[in-house]
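Just so it is clear, A, B, C and D label the chains in written order, and each chain counts residues from 1 on its own.
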Amino acid sequence: MSNLPDALLTGYRNFMNGRYAAETEHYKSLAREGQSPETLVIACCDSRAAPETIFDAGPGELFVLRNVANLVPPYSPDGEFHSTSAALEFAVQALKVKNIVVMGHGRCGGIRAALDPNATPLSPGDFIGKWMSLVGPAAETVSGNDMMTKSERQTALERISIRYSIANLRTFPCVQILEQKGRLEIFGAWFDISAGELWVMDRTTGDFERTGTV
Amino acid sequence: MSNLPDALLTGYRNFMNGRYAAETEHYKSLAREGQSPETLVIACCDSRAAPETIFDAGPGELFVLRNVANLVPPYSPDGEFHSTSAALEFAVQALKVKNIVVMGHGRCGGIRAALDPNATPLSPGDFIGKWMSLVGPAAETVSGNDMMTKSERQTALERISIRYSIANLRTFPCVQILEQKGRLEIFGAWFDISAGELWVMDRTTGDFERTGTV
Amino acid sequence: MSNLPDALLTGYRNFMNGRYAAETEHYKSLAREGQSPETLVIACCDSRAAPETIFDAGPGELFVLRNVANLVPPYSPDGEFHSTSAALEFAVQALKVKNIVVMGHGRCGGIRAALDPNATPLSPGDFIGKWMSLVGPAAETVSGNDMMTKSERQTALERISIRYSIANLRTFPCVQILEQKGRLEIFGAWFDISAGELWVMDRTTGDFERTGTV
Amino acid sequence: MSNLPDALLTGYRNFMNGRYAAETEHYKSLAREGQSPETLVIACCDSRAAPETIFDAGPGELFVLRNVANLVPPYSPDGEFHSTSAALEFAVQALKVKNIVVMGHGRCGGIRAALDPNATPLSPGDFIGKWMSLVGPAAETVSGNDMMTKSERQTALERISIRYSIANLRTFPCVQILEQKGRLEIFGAWFDISAGELWVMDRTTGDFERTGTV
């Protein structure tokens, strides 16, 4: 009985003989000095949208929170367990990141579920149903719109949900204060794996524009 | 006013001219066919512990949930928002992953906070305090042990919390059933950035053993 | 009736025809000049942890005290027989060693006994029980911790007991004075036979770190 | 500040690249199966008299107790700390060794101290003085004998003390019983580094006879 899937063991050895071997001193220094990433990325769990890959980021660069559909719930200091709020608080208050990037992506399974009128719970607990209900009101504004294609509704909600998460970020007092003081900046981005397109949110208008690759 | 941090824009261009250019067909195919990762990795947000880097994983390989200290709360179908449970449900029920790997790491800031007797809330909401209270009882078993060094207490709790998360995984009926049927396997691992060590949990004893790199 | 076990007689002949034959002059000189080892090693009796083997040490190099679990009791000038204190005194005051190394090891039977809640005396005298009670208070800090695996508790106590012995070394006035004068240095190490790992104690933090083999 | 004397670090690397590399499987097996040495050797701490070297013994072969002058005190179940008795009890009762070898050696510093009429305490605790007083009455029988040379008195007491330790071994009930049942054998030996001579005690007469090397 192996204690780790073979693909991961093989990958780990590639890493050690490749990147780690080439950057050993950098890794040791990051261990010694601790992390001081400048950017928190809030991304989706999707296997095709790893922020480190898309932004070619090395160790120590990005503090990365990943949940289904890269959602930030509104500030709710009710003493319950809040995985996302905890990571946000840690990044902003302990690590003092300068940037927060909410990165959505195309073909998101969570967004698809939110738009599916026939979606049934995946299990009795219906955790995905409840989680995606965060964008339920937004989903309703497009889900019944049969003038848009299915794909257009999907992309529309993916982008709406990025702006929604950014609005929720600003309900956290610490985010609000630091942004007002100019010590924290908030960004939105949307990636589509097919052509490798990165669309960046205009921070004034909220529109997404494709970024060049040169 | 730039709409994305410069470092990320530069990184994205490296990605497009490098990996994406080299694997365009693979990316297009992943877009067309959808994702079908075999493995869910539950990892920490730490900037030095990206699973894709450590396991040298390409697009489509790993479905990755990242929260502070890679914790899985116990099954709690109470109708509240459960980010972690939602991702777990999606990976197991919708994507039908074959493996779940809980990957902790050395020098974890969340674990350090859980062990700090003088920790004060990072913000009035105290989201980190509440989140890390998941391993509070476990932390108490080592936090007062001044025969161990600070670093030894930290490593001990990092490993305890991996086993704790794995135990909680098994409180989810869908995980329990699929594991019993032999269609889902659960693994534990612990990475330390300094020497690049990967310690893999023995699934019989719960002990962690260092993995070779050759 | 043979007067020595056959294995030892055979081994002795190998020694004489091998190492002794090759280093005869060195041996003769050590006999003539007397010993002047620079290092006292305090090690365990375990058959898998001989300091001369692990440190590839030749004749004259290491003055070696071996007892169960490499323990040093606290300074106690009460006129009783103190085997360990006698060897320590001889090494420091008569041989004027420059270094003392307390070397523990993995899978130590004495430590295992100290952690076993069901341990019963091995004989009516219960010499092991009494001897290992030196680390009894330390053992209690981990023995009840069922969040740690049996193996983790064992390793933790093995390392605690090395630091405990080092602390006791410093209760001996001669050790204390010479160390303060910079004429004596104290080290800790932990060896595990399985992978041949040697972990060396950081003298500032008390942490153990694995030593490279290249 | 190095955390281990350089000579030991170098030696360790020689060991790993030499003996350990050549016998890795044997070492791993000893870790997995535990130790089961057939022989307990009670030897001196002297840097020139390591049993593993003299008997060319590999890992797992000899359980080795080393104190100054290889002394065994008489059985004394008084609830005090008895390092030597603890090791003896562990070897006989837990490991069930088949042989006990008391190995003295020439030019023993402890024996020399016991014979020195002008010996002064090495430190206020006088641990060596007390420890060597175990053979005090025996020492008196030769120390005043100026018909013997100094060297003859030394060798005489070295051999007397081996027989004394063997006699004390037999005051331990467990040793006595197992020896009577034929499950434990007791041997004496004396090594001199100069010519590499091994003298073995005749178990009937108590005489020491030189062993051939062929």
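Simple rule for what comes next: a contact is a pair of C-beta atoms (placed from the backbone, for glycine too) under 8 Å apart; a residue touches a chain by one contact, two chains touch by 3 or more.
Computed from a predicted model, the values in this text were never measured in an experiment.
Counting only chains that touch, the fewest steps needed to get from chain A to chain D is 3.
Using CA-based centroids throughout, the chain positioned farthest away from chain A is D. Residues touching across the chain B-chain C interface largely coincide between the two copies, over half of the numbers being common to both. Chain B has its Cα centroid 15 Å from the Cα centroid of chain A. Chain centres here are Cα means. That of chain B falls 40 Å from that of chain C.
Centre-to-centre separation between chain B and chain D, using Cα means, comes to 53 Å.
Residues of chain B in contact with at least two other chains: 195.
With chains as nodes and touching pairs as edges, the resulting graph is an open line. Listed by chain label, the pairs that touch are A-B, B-C, C-D. The touching residues of chain D, when paired with chain C in their complex, are 1, 3-5, 7-9, 11-20, 24, 27-28, 30-32, 34-35, 37-39, 45-48, 50, 52-57, 59-68, 71, 73, 75, 77, 79-91, 93-95, 98-99, 101, 106-107, 109-110, 113, 122-128, 130-132, 134, 172-174, 185, 187, 189, 192-196, 198, 200-204, 209, 211, 213-214. Looking at the complex, you find that chain B touches chain C at residues 138, 141-142, 145, 147-152, 156, 159-160, 163-164, 195, 205-207, 210.
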